[in-house]
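Beneath this line is the structure, given in structure tokens, with notes to follow.
Chain nomenclature is as follows: A, B, C, D, E and F, assigned in order of appearance, with residue numbering initiated at 1 for each chain independently.
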Amino acid sequence: MFAHNKRLQYTVRVSECNPGLANLMLEQFGGPQGELAAACRYFTQGLAEDDPGRKDMLLDIATEELSHLEVIGTIVAMLNKGAKGKLAEAAEETAELYRSITGAGNDSHLTQVLYGGGPALVNSGGAPWHAGYIDSIGEPTADLRSNIAAEARAKIIYERLINLTDDAGVKNALQFLMTREISHQQSFEKALYAITPNFPPGKLPGDPHFANVYFNMSQGEGDMRGSWNGDGHFTYVSERKEQCAVDGGDGQPRVALDPDEETALEDLAARTASDPDADPTTGAELGAETGR
Amino acid sequence: MFAHNKRLQYTVRVSECNPGLANLMLEQFGGPQGELAAACRYFTQGLAEDDPGRKDMLLDIATEELSHLEVIGTIVAMLNKGAKGKLAEAAEETAELYRSITGAGNDSHLTQVLYGGGPALVNSGGAPWHAGYIDSIGEPTADLRSNIAAEARAKIIYERLINLTDDAGVKNALQFLMTREISHQQSFEKALYAITPNFPPGKLPGDPHFANVYFNMSQGEGDMRGSWNGDGHFTYVSERKEQCAVDGGDGQPRVALDPDEETALEDLAARTASDPDADPTTGAELGAETGR
Amino acid sequence: MFAHNKRLQYTVRVSECNPGLANLMLEQFGGPQGELAAACRYFTQGLAEDDPGRKDMLLDIATEELSHLEVIGTIVAMLNKGAKGKLAEAAEETAELYRSITGAGNDSHLTQVLYGGGPALVNSGGAPWHAGYIDSIGEPTADLRSNIAAEARAKIIYERLINLTDDAGVKNALQFLMTREISHQQSFEKALYAITPNFPPGKLPGDPHFANVYFNMSQGEGDMRGSWNGDGHFTYVSERKEQCAVDGGDGQPRVALDPDEETALEDLAARTASDPDADPTTGAELGAETGR
Amino acid sequence: MFAHNKRLQYTVRVSECNPGLANLMLEQFGGPQGELAAACRYFTQGLAEDDPGRKDMLLDIATEELSHLEVIGTIVAMLNKGAKGKLAEAAEETAELYRSITGAGNDSHLTQVLYGGGPALVNSGGAPWHAGYIDSIGEPTADLRSNIAAEARAKIIYERLINLTDDAGVKNALQFLMTREISHQQSFEKALYAITPNFPPGKLPGDPHFANVYFNMSQGEGDMRGSWNGDGHFTYVSERKEQCAVDGGDGQPRVALDPDEETALEDLAARTASDPDADPTTGAELGAETGR
Amino acid sequence: MFAHNKRLQYTVRVSECNPGLANLMLEQFGGPQGELAAACRYFTQGLAEDDPGRKDMLLDIATEELSHLEVIGTIVAMLNKGAKGKLAEAAEETAELYRSITGAGNDSHLTQVLYGGGPALVNSGGAPWHAGYIDSIGEPTADLRSNIAAEARAKIIYERLINLTDDAGVKNALQFLMTREISHQQSFEKALYAITPNFPPGKLPGDPHFANVYFNMSQGEGDMRGSWNGDGHFTYVSERKEQCAVDGGDGQPRVALDPDEETALEDLAARTASDPDADPTTGAELGAETGR
Amino acid sequence: MFAHNKRLQYTVRVSECNPGLANLMLEQFGGPQGELAAACRYFTQGLAEDDPGRKDMLLDIATEELSHLEVIGTIVAMLNKGAKGKLAEAAEETAELYRSITGAGNDSHLTQVLYGGGPALVNSGGAPWHAGYIDSIGEPTADLRSNIAAEARAKIIYERLINLTDDAGVKNALQFLMTREISHQQSFEKALYAITPNFPPGKLPGDPHFANVYFNMSQGEGDMRGSWNGDGHFTYVSERKEQCAVDGGDGQPRVALDPDEETALEDLAARTASDPDADPTTGAELGAETGR
């Protein structure tokens, strides 16, 4: 069960209203790397988890991310507070209101007109948050890797937002939030390596014929070798012929059909055959003719 | 520039048509962990990348994933080939066709009615592929972690699909594809650690006051300690008061308003004030009354 | 700030695993009328709200809805627990696993293959939750009406789910959740009527010429009168001519163009004019000709 | 059956082209509170409705909303007419065209480049309209409440748009459209209360133990009491322990497993156990090391 | 302005309720090739169109498509009528209701639980209709081609649905709807060819160096020649070298940077350089080690 | 199998960085008419196609479109290169960075903050690419028409982008890409007419009673006649009565119900009946009362 305390996890102090900045902040409220995504990611994993250590950790961090969602959403609400009042009360000249709605140079018009200045669960481009942002699949060594990556991404988005604001109170809160992503990443790393072995993920081993092969599929000036495709770990295959049909077959697909299927397909083929010998006049040729 | 060779990277041999199985296979064709997501993920990263080693690797693997997309899509096409002919030609009794469309117990009806049995870029539940599945953010230490996680997830989905089919040809192809995910994960791991340092991701360091704190936000029976929240690496904070307003403030948000903003907000507040002392009759009470 | 207690708000007791039923339950986990939608709806409204009474109420109820999300998600996790283990460990014959994945007659295959049996934030049809489900617009008399409606809808979905299960523990938990929607609806009703006046919503009055007119736009057998279009409250307009151009104009749109705009439009019109006097041969006519 | 009269329901007079304003108007054309959403909402409800009075009313209002869709779409078309011609004919200098496309400060570039200035079914942020905006569930006392709320929201969005334009013709048309939302809300209210009882919605009563309880989930400075949680109607529960496991159980979930399920889960648990006693070296620690 | 007549354009007679069939019918109600897509496609084109002939035609056909939407939606409503009553009234045993909800073998459970049996604007897989289905771009020779294609697709989906039902009334109505698509396609063809020239679409001519070249990008067994790539109309380029950098350049991208940009990029490159000479230990290697 | 050559199909030369222009270019990278849509469209059709000529052509063109995706994505990467470095390194003053992020007047802020300047698979408004853009249905005469239309649309979007840039290198590359759309359209036209007959699409003929009827559904000033509705090809029906119930029935829907269904529906009707004779007080009336 969740409980709520009216004090924020980190005090939000905003020095002046700024709907354009508010709009950028939405990236971490309702964007793919934002706090709702984080909270939902860990919470839903936690519900499904049976391992007691991971379950506890996931619920701890999910709950903290909800508290972060509150912090970043509160920043948005503060930055939009002035604009919200003016639009609702029509407290400015029409032309001035119009300018303030469209002048931020980003999608803050949407935040004002559609959401009345409230923090909406959209990214900074106005796209509604959706659960496709969560990539959990219910296997811990995969999900923990996903969590590690998610924390790394969130850290970077916070870093970019910090680079874009001079408001000291906003900057401090963002730095706190950014730092917590670093901390969470460390917890997920520990939890991943507390499972042994954790690579390859899952239960089935790979096929040894293909597990350490590197196919040099992109060729030309710029080809490089390094540990990621080096002879120490990989067989490096550049010859195009050896990249095809690596099972030793002919590379052609086939399927066994029963007689009814075969007949239906033959009928379909005959009915829709394209005639390679014809040179039909086409609609484009009709349409290219000029003159009225 | 891309070129195409008509031989598949792995020969597809399907023993009999099976639209229900085809539908499950769509998970790796147009699903979030599927091959289009992988190809687009690495290809778009590769276009933006300036580091020569990573650029080459990303394009190599992107191109291979496109070739995998072809393999898995070809499996879908083979499994659906019989159903496609029968529906197009109305080659069965209506009732029989209806049964075959709805009898697979999953969303294969959609594949037949809407897509005519062709491999559509949807997941096994019929949801169209979308680029929100790609979580690249243009920072290599984050993106490589995302790639590692993506390969781990794809490996697991293949493992589940392998567990669900007895068709030897399909199983072999899936094992090849699964194994390649393991190989790619290794390359991305090497590429990540070829950047030093790579943690924390990005340029800004974390705030040392908060980087090694673990907030025990979820409490009760089931609390556990381990390396992910242990004293060796983390300060463990369980006291609720110490989890709030960790900046030392009062945890209340504020923003400086200019006088016009203030006036507009006061007007808005007055106009929409809720009266805590009234006990108004409501629509629900009107609606709860019975009798005509 | 949020805190979490490891005890559920309502104890979940499930009598046997049932992935098909789990899948139906997802409707209230990640569906449009579900608990995540409710929690996000009230939480984001609460962040933006300045009225102290409404803010407090919205945060109270948002927090409770998160606790309900945990209850319904836990039901899903319990119902899927057996299937999760079997698929991960390949603990059954392939054919048996395949049957169990596709035999539920709904989208539980997706829950298994893609999400590994964990409670995913999707509806019972597999569509990911998205913030478009939240219709808050930052105006209290509108948002409270939206909340009232949302609670009414959620109540009905729970009622339908209750009608579909015989598992006593599941039924009890659903009844609790359903009842809480009734209670929340009452709170939102009180809060709406604690604002006076609250109709029409917003600040601008309607135009008295059109505020009490009922246009009988659909005509024929089945036309009816009642209080919703009755003479006591509405002027009933059936004459088609009086339904058009009700401003007294000619009903034709116009816009003033500057000379450059005019010229460009004339060029465009000339270039793309359709000739009403020609009877051109078309692609369809080419295509309708038979014979090879 | 629908018929169309070429005269608009309200004459549209636009004083000058303005793509930026056009873009804002899209909010009520293809946005969530817009006229397509309204028309589809009532039309689909009307098709399913068996009650003669409601069916007639729903079809009347749906048809009127389609006519409003035409009015607002026509406003967009007029506001964009000049820009449409110039871009199609390349009738301005490139730099000037570029400025006009990107200078509106909102998403009007999208309307121009992608839609050629035509009224597209997108909101003012460019997000395509989707049927998730419609929250009908096929139960009249819920759907009518949803309709009431939808009309209230639409009224507010029109009010905001009116506050943002000085063009008298546009303003007049918007005022007409806004007023009609007020009128429709009144009809839906009448129709709701013409059903007795209508609260609680649906057939199943709530559980009296929980129907009049208010859980004070959010606590701290700012707690308030009012009719929405007052003693006159609600039992107010603040004690955290009484908020958990309100059924009197232990708040722990459980499910009965059959032996095969149990075995598979034990195998899974053992294979993926996290070791709380280990302190493994992690990828983050590898990555944090500097120096080459 | 739209008006509505309570008689359908085509009388709907359904011989018995069948939620599974209803669900398939949704494909043409809220699916990509369905009637809402058609109506919205032509209606929005019509609003933007200035050519009098095309405008009239688009509004005629849009209005008819709305009337078709009513026909297909009514079919869905009739097919679901029985199920709707039973679920709302809990008029069957729980187990029986559960079977009827999940037994159709497609997504009809969603239609019942979420939409209460009403015709929802979703496709047969439950995906909500969205305006991305409409591909209008505001250029008549492109849009008319899009309309021709849309009619062709809709015709085929109706054909498939006809092949799947034995209910004579449903079949007749579908045949009417299918036939109207054929008729509309003919009108759009005429309208396209009434513009001369209409190929290539738009105003800018193609570059003659590249307008009649066919690049044989996919090579191997299966290469074919026909009028689509034949010597009569195309220069056929198979040599891989002649397919690259066809402008005669080196095929390498470049951009002029100003000094500040250059410096920032160099800093970024140095900070995130991957070292091709190192062979770092990776997380995968840590994770692959066994033993505790 | 795909292979990649590091040389582009067309050399990209960009004269200076310009994130605002980059953002417009995204329309053809990740937009509905862009190159990913084209590549996926033809590739998935090709996988399902059994006709050798069409299969070969589809794979040729799909592969070329992938190469075009690379060209347009590379343009985006070059145009964003400077901005990418500056934001990552915080190489400018905060205020300057903020201005550059929000000053382009379109959605380039999103490209910078979320994607770090890399080419993301979104349209110019930031909406992620999705497979709903692909309208293939697995029937060649429909799909080829869809392809023809898609090429026409893509040609026009390129034409608009060409009109918006003065950068010679970008312009040249766009002209090449635009020209290739013209060429591909020609190939698809040839392939369509190489199937005889190809109209009407599919196997079932239309009903001759309705195949050549034109319903004049939109009436009033502006009605026009031309070949698209002319007497040479169509019976023109203007009388409203003859547009309804064209099957000769009464235009009223019906369905046969079994007794249980009938009973449940009667119960439902009684429970939710709206009383046309009552004039109930409503929530709106309560809310309209002023005074406290």
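Please note the rule applied: a residue touches a chain if its C-beta (ideal position, glycine included) is under 8 Å from a C-beta of that chain, and two chains touch if they have at least 3 such contacts.
These numbers were taken from a predicted model, which means no experiment stands behind them.
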{"item": "Same-residue or different-residue interface between subunit C and subunit F, half as cut-off", "value": "same"}
{"item": "Gap in Å, rounded to a whole number, between the CA centres of subunit F and subunit B", "value": "24"}
{"item": "Inter-centroid spacing, subunit D versus subunit C (mean Cα positions, whole Å)", "value": "7"}
{"item": "Contacts with 2+ other chains: residues of subunit A", "value": "1-9, 32-33, 50, 53, 59-60, 62-63, 67, 74, 77, 81, 84, 88-90, 104-105, 107, 114, 116, 122, 125-128, 130, 132, 137, 139, 141, 148, 156-157, 185-186, 190-194, 196, 199-200, 203, 217-218, 221-224, 226-227, 230, 240, 243-244, 251-252, 265, 268, 271, 274-276, 278-286, 292"}
{"item": "Contact graph of the chains (line, ring, star, complete, other)", "value": "complete"}
{"item": "For the subunit A and subunit F complex, residues of the former touching the latter", "value": "20-21, 23-24, 27, 31-33, 104-107, 123-127, 156-157, 160-161, 163-166, 217-223, 240, 243-244, 251, 265, 268-269, 271-276, 278-285"}
{"item": "For the subunit D and subunit C complex, residues of the former touching the latter", "value": "5-17, 32-33, 52-53, 55-57, 59-64, 67, 74-75, 77-79, 81-82, 84-86, 88-89, 91-92, 130, 132-133, 135, 137, 139, 141-142, 145-146, 148-150, 152-153, 155-157, 159, 162, 172, 175-176, 178-180, 182-183, 185-188, 190-191, 193-194, 199-204, 206-207, 209-218, 222-224, 226-230, 233-234, 240, 243-258, 260-261, 263-265, 267-268, 271"}
{"item": "Contact footprint of subunit B on subunit C as seen in their complex", "value": "1-7, 50-51, 53-54, 87, 90, 94-95, 97-98, 101-105, 107, 109-110, 112-114, 116, 122, 125-128, 139-141, 148, 185-186, 189-196, 203"}
{"item": "Interface residues, subunit A side, partner subunit C - complex", "value": "1-9, 30, 36, 40, 43-45, 47-48, 50, 59-60, 62-63, 66-67, 69-70, 73-74, 76-77, 80-81, 84, 88-90, 114-122, 128-132, 134, 136-139, 203, 275, 278, 280-283, 286, 292"}
{"item": "Touching residues on subunit C, where the partner in the complex is subunit F", "value": "141, 192-193, 196-200, 221, 224-227, 230, 232, 252, 274-280, 283-292"}
